[in-house]
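Chain nomenclature is as follows: A, B, C, D, E and F, assigned in order of appearance, with residue numbering initiated at 1 for each chain independently.
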Amino acid sequence: MENIIQITKNDIVNEGKKLLDAGAKFVTAVCNDLDEKLEVTYFFSANRGVDLTCLRYTVGKDEEVPSLTGTTLSTLLIENEMKELFGLKVKDLAIDYGGHLMLAHDSPTTPMLKPKKAEAESKGEI
Amino acid sequence: MATRTTVPFGPQHPVLPEPVQLRITYEDEKVVEVVPVIGYGQRGIEKACELNEYNKNIYLCERVCGICSYQHSESVVLATEQLWPLDIPPRTKFLRTIWAEMARTHSHLLWLGLFADAFGYESMFLQFWRIREKVLDILEQTAGHRVIQSVNVVGGVRRDIDEAQKKTVIDTLNVVRRESDDLVNVLINDYTVKSRTVGVGVMTKAQAMALGCVGPTLRGSGVSEDARLTKYSAYGELNYEPIVETAGDCYARMKVRARELFQAIDLQMEALSKLPEGEIAIKVKGGPPANETVARTEAPRGELYYYAKGNGTRHLERMKIRTPTFANLPAVLILLPGCQLADVPVNIHSLDPCISCTER
Amino acid sequence: MTDGMMAIAILLPLLAGLVIFLVRDYYARNVVVVVTALTLIANSILFVVKGPFTYTPTGFNWGLVIEVLDYAILIFYLYLGFTLRNWLVLIFAVTQLIPLAYFEFVMKAHVEVAPAFVVDNLAIIMCLVISIVGSLICIYALRYMYDHEQHAHVEKSRQSRFLLWLVLFLGAMNGLVFANNLVWLYFFWEVTTMCSFMLISHDKTELAIKNAARALWMNSTGGTAFIIAIIYLYVTQGGASALSMQNIIGGTLQGSILLLPVALLCYTGCTKAAQMPFQSWLLGAMVAPTPVSALLHSSTMVKAGVYLVLRLAPAYAGTYVSTAVAIVGAFTFFGTSALAISQSTGKRVLAYSTIANLGLIIACAGINTPLSIAAAILLIIFHAISKGMLFLCAGTIEHLIWSRDIEDMEGLAAKAPLTTLITALGILSMFLPPFGMLLGKWIALEAAYRIPLAAVLFVLASTMTIVFWTKWLGRLLQVLPKLGWPFEKLSLSYSVPLWTLLVGIFVVGIGVAPIYQNFVASAAHNVISGTQIFASGWDNMSLSGTSVKGLLGYFPVWALYAVFAIAVLLPLIFVGLKPTQLRPVYMCGEQSGAMDADEYMAEADTKTKVILGGYYFQDSLGEKTLNPVVNTIAILLLVIMIGCGVILK
Amino acid sequence: MGLIHNSRIKSPWIMHFDNSSCNGCDIEVLACLTPLYDVERFGIVNMGNPKHADVLLITGPVNRRTARVLRNLYDQVPGPKMVIAVGTCASTGGVFHNCYNVLGGVDKVVPVDVYIPGCSVRPEAIIDGVVLALQKLASANL
Amino acid sequence: MMRQLILLIATIVVAPFIGGLLFGIDRRITARLQGRFGPPILQPFYDFLKLIGKERIAVSRLQFVWIYAYLVFMVGSLLCLVFQSDFLILVFLLGFAGVSLVLAGFSTKSPYSHFGANRELLQIMAYEPVLLLLAIGIYAQNGTFLISEIFNQSRPLIFSLWPLFIAVLYVLTIKMRKSPFDIATSHHAHQEIVKGVITEFSGPYYALYQLAEWYEIVLVLGIVALFWTNPLWVGILIALAAFLLELLIDNIAARMTAPWMVRLSWTVGLILGVLNIAYIYFTKGVS
Amino acid sequence: MALMLPTILRNFFGGPATRMYPVQVREPFENARGHVTFNDDKCFLCGLCATKCPSEAISIDKEKRLLTFYPARCIVCEVCALACPGDAIDMVFKWRAPFYHKPVEVHESRGKRPRTPM
């Protein structure tokens, strides 16, 4: 994957806005569980959708991160989803589904996080 | 003074084949507020993709959506192949393209029918579906199944199209083109259809970009954007330019799909005529290396993003699926307010939401 | 005996009113009101027994009394105009005062007319309506005003003042319908205007006073036209004989010159009947406590307006004024029915519907055939009963839920099944077969073909009537699975008038044929053939106990009541069809909670209440959109009507 | 009663509910209504409203949110009623068996009369399934 | 008297059979127009019997009153036609039937029957004026509202009232709940308001509704047949032709919206009606 | 509006397009994925099918030499049939018939490992 720009969580709003103002379109965001931290990547496309640009930041699991929904509604669903599935603490969402966008009351919480301990064990084995 | 009405629209509602709820507030019959409620189709496929051996992901991800099932299988194999990356034989690329366009043909016929049903044009709905069965037949003959083709594997495809099949496909496509031509002509010119779609649910170019819309929804608003422009599979070797309509209303979105239907048939014809000889699959050993990649394909409803991250084992570290509807769904927030109750289904269908893929 | 009857009809209310005003004790006052009401009712029945007669009071210079009081009232208006700083009130008080003074002092007009009162069948029917429906409303007001003041926490009770004007109103109305002398008629006319002002402004809120003032000046324009008509008649026709109603309609005067004053009097009638563009005063009157609305709408005030137009029918028969009157009425019927659709306040719907029905009645007068006149009289009767009852229901509901909004009446059947039932029947009686209002409409439609434009307006209007009534009815009858049972208890002062009127609807409805035969036909005849006042034997409808059969069609009254009973009443008792199980309503699979819960699961898995509102078409039928259009047309029509009187002699 | 019983078999009105399927089975259910298969031949009409339905065609695996909806809908169908699980997902959860939000087949929530296997099921198989359900209804002593 | 009683019972018994059969034919022909095979002709009767035998569930204890009233008023209206009574009364009774259906929809707190009821009301608003104008037209032509008089005339109404005949044709479309006017409850689901007014009526109560519809179709086609009463079979043929025409129109049009329907009816329908009446008025004069 | 007329008239007079399914059965296409059957004589319990099956429709009990197949779980992906080294799994073109109760097929495998292992 080319074009990955590492930023900090606080830059995301500014950087995102810059890209959008330049005519880019928000594509999606991906959250990865890096065991201790969460890695968040925002994808933007430009040039008739052919070129991709990624903004990536890494945060601790209990850190709050800003939301892009103040700038563009297109991140609404994905940010809610990351909040719900990964426990990413996104604040100031335009519509906050309160962790029940996808999941019902009796669904497992933050199901996408990897089991930390089990992983540690398996790593230990290796 | 007029009192408002707030009611649920879905999850089980006759005009929505899939479970999704819109909590809509009306004034008389005018929509004044809408809140989409999703989550009825959530299964947890992304997580299961990490648990499965990577080959099984094809069969799982194909079932993210049964309508553009083919594009999902293509995307998932493309993503996995790109992790190495593998060198795929040209014939395979062409075969994949042919099936992709075949799937698009059936999907657009399906959509045109459902869209006709959204404004109560039942005879047209049935007529489109009648034609669609012919496409399903050639899909089944060539790929093995009407709906879930399961023809892609990492490294290639399972089946080939031989000369006899090629002839059947071409003959059938000609019939499909002729019959759809009549019907699309009605759809485009019919007074009642026009009065239900023209000017309904207008989304400007700027709005569509800001909401991050994709596919026909975006192209109906005058943006020429299409993942096929990235020239994946065999698209680089075919004569392709996206179809664009500028009005941004339901009629424009309908026209985009109607024209794409014929474009898809043309692309299949072209690909069939250029079909190179050669292998259809290569052997793959071991698991995908630690790497990350994005595969982008154009599903009938728009651009499909697969983000994959490998770790050298036979299990993927992470698989992220961004489906077209996921990108298009926020558009209901600006399409619905102000429209009439009767136009709600028309507007919703014009986006063609596919909830199963949105929620995975 | 006629002396006594006339005195009771006209003067007793005044007397009783004064007693009530002075006796401030709640119970004593109630007794007085009830006794007066019963006396009035009995007296009105006596009129029926006695039959038509004429009457001129002797032994006292009543003319002078009336003259003095006339000035008193007008000066009171002047005073109001000054204190309220309402120039319109002031101007129209002056426009009445100056011609009146000119008429009496400069022209030294001699206004003795004999007979002073003519009690014919039409007047008797009006008297019955006024006395019975009006009295019931007075009884209803006893408890209503008590509750009203309790709810508003009024410190010093003003109930007796209220009742004074209420009761006085009945006397003035009786005088109005009996009067033959136009000057006397004018006096009673002004008394009703003044009473209505006092009643509308009763609550003394800013809005109440503003609306009362509007009612006052609008009616004063009518009063002005009245005086001008009187002077014109007196001058052109030469003398007091022209001021006799009987002479005006009897054709003894010079027809061609007569048309302008008659058109002016029709205009006067239209103002009082709140025809477009004057509908706003009657709507404004809704701020008053509900008994006032009930009284103004059913048996008094507005009925005075239609009475005048109807009474004058022969005077303008066969002229373009007649056609114009028909169109004015039909257009009001149409316009207000359309406006009613956009209203969500129960009383405003009732008000618009009243105006609409008055329009229909006036249109019938304008159509001016025996059939249409009969329809008009039937409509007056049925409308008074049904509308009186509906207003009382609205008042009762208001005091149950402390709201006038139709949307708030949802589920009332569970809280107050009895009130709901009565209201529902009242609404049904306004626009559906087999009830009387529809019978009236049926005859009207049969008659309307003479003026096709009126017929088309009727058709459209009655369609819209269905819409707003059904909307309300639907809201009222929307029930959650559990029904209220047993019936709620209503105070006697509420229930007696309600039940009486309800029974009245059915009795008069089912017995419409004999009633028609015995009273209405001859009353219509009185109207039509002005000269032969008491002649009888005119017959346009053949009747049997079970049906009304016109020349044009067939209204199977009893058969329709039978169908109604089978359709609506039977299933209420029919057990075999009752459901074995109750299940919640369909809410796309997301209803939650118990059987009668109206909640569903929405975003973020939270419960949300389903809210259902009616359709009001504010954009296309709202007052803001429609009023300028319809009012302009209505003003044009009125101008044309008067213009017809001037130009097309 | 015999007349009514016979009519039941000749007039099965269906309601199709999509739990959280992939749409594969749903479009095949819909395809059954289209000219080529035309299940209206058997009196089958798609009602879209549980209150008018006799037969529930359920597609897709039950997830935690649709479980509630499915139960609600089932309760609103007046008896006698049949439930047909259409597709592998609806029968057992199928390929989604290891997804965290999936409870499994329809029978986890409501009783199922007939299972139609296949992923996706063919329209012909759906017709077979309905016929099988009707046979059960015919032999039932209602 | 005896004859009338027999006629009464015969109407009540025979009409639903004709109506049901018409619906069966409707479904079969519609299917053929759509390239499908279609259900058996007797399908509506199977449906009806099945519904009768279903569990009696409801959402409120009073709910069925109005659907039952709908049926009774519909029968009453039909009887008006059969006994050649007053045409206006027929229209009024039909109006009450319509109102009953609306009230049936309003009688529950269900969102979709609520929407349906409101739309049904709009439908009444659309067809009622046309029928009333037809009544006036008949009056203008015959000098009476009595249907019996229509039968006495040798000249068929359609010659003088053909504009109204056209207007009545779309009343037929509305009443048959066909595209483009199937806005309140369509015979097929897939509507934005589910089944509209009758969403909450199931089993036997829904059967009552169907029964009423059968009467209704006979009634409405009967009204169409009035345009040619001498000999009556021509009128019946015209009615059947109109019926077939509706099926065609249903299949070549999308469903339109409620405001469009009311607008159409209040412009085209009224203009047709008014012109028609005006023409007769000015050629025949006041009777 | 009349644009649709030719189409529906053609439908009407051209006769229905309906395949009268249970009465007339159209043969499934060759190569269509209908359902899988197991050949007990060929299966030698290598277990490959069970490992590769994406929906866990096959389970193997090597001790009792039993292969259990759950048809209600099978998604007809053909993976097992393609993977089977013993050619013990056949893809039948016709779809599997519906059932009242979820069946469980228990196969006693009797096959021998082929000489050239795959």
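Side notes on the structure shown:
Quick note on the criterion: contacts are C-beta pairs under 8 Å (C-beta built on N, C-alpha and C of every residue); 3 or more make two chains touch, one makes a residue touch a chain.
Worth saying up front: this structure is predicted, and the values here are computed from it rather than measured.
Of all chains in the assembly, those touching subunit A and also subunit F are B, D.
Distance from the centre of subunit E peaks at A, each centre being the average of the chain's Cα atoms.
Taking the mean of all protein C-alpha atoms as the reference point, the chain centroid lying nearest to it belongs to E.
When C-beta pairs in contact are tallied for every pair of chains, the largest tally goes to C-E.
The centroid of the Cα atoms in subunit D and the matching centroid in subunit E are 34 Å apart.
Each chain gets a centre from the mean of its Cα atoms; for subunit B and subunit D, those two points are 26 Å apart. Centre to centre, using the average C-alpha position, subunit A and subunit C are separated by 70 Å. Subunit A and subunit B, compared by their mean Cα positions, are separated by 25 Å.
Among all residues of subunit E, those that touch two or more other chains are 31, 33-38, 55-57, 111-112, 114, 118, 188-190, 194, 199-200, 251-253. The set of subunit D residues touching two or more other chains comprises 17, 34-36, 38, 41, 47-51, 63, 65, 68-69, 73, 76, 95, 98, 100-101, 119, 122.
Residue positions of subunit C with contacts to 2 or more other chains are 583-584, 586-587, 589-590, 603, 605, 610, 612, 614-615.
Here the touching chains pair up as A-B, A-C, A-D, B-C, B-D, B-E, B-F, C-D, C-E, D-E, D-F, E-F. Note for the complex: subunit E touches subunit B at residues 33-36, 111-112, 114-115, 118, 179-180, 182-183, 186, 188-194, 250-260. The part of subunit A that touches subunit C in the complex is made up of residues 97-101, 104-105.
By the touch rule above, subunit F contacts subunit E in their complex via residues 1-5, 8-9, 11-12, 14, 16-18, 20.
On the side of subunit E, the complex with subunit D involves touching residues 27, 31, 34-40, 43, 45-50, 52-57, 188-190, 194-195, 199-203, 206.
Considering their complex, residues 1, 3-8, 10-11, 13, 34-35, 38, 40-43, 45-49, 51-52, 54, 76, 78-80 of subunit D touch subunit E.
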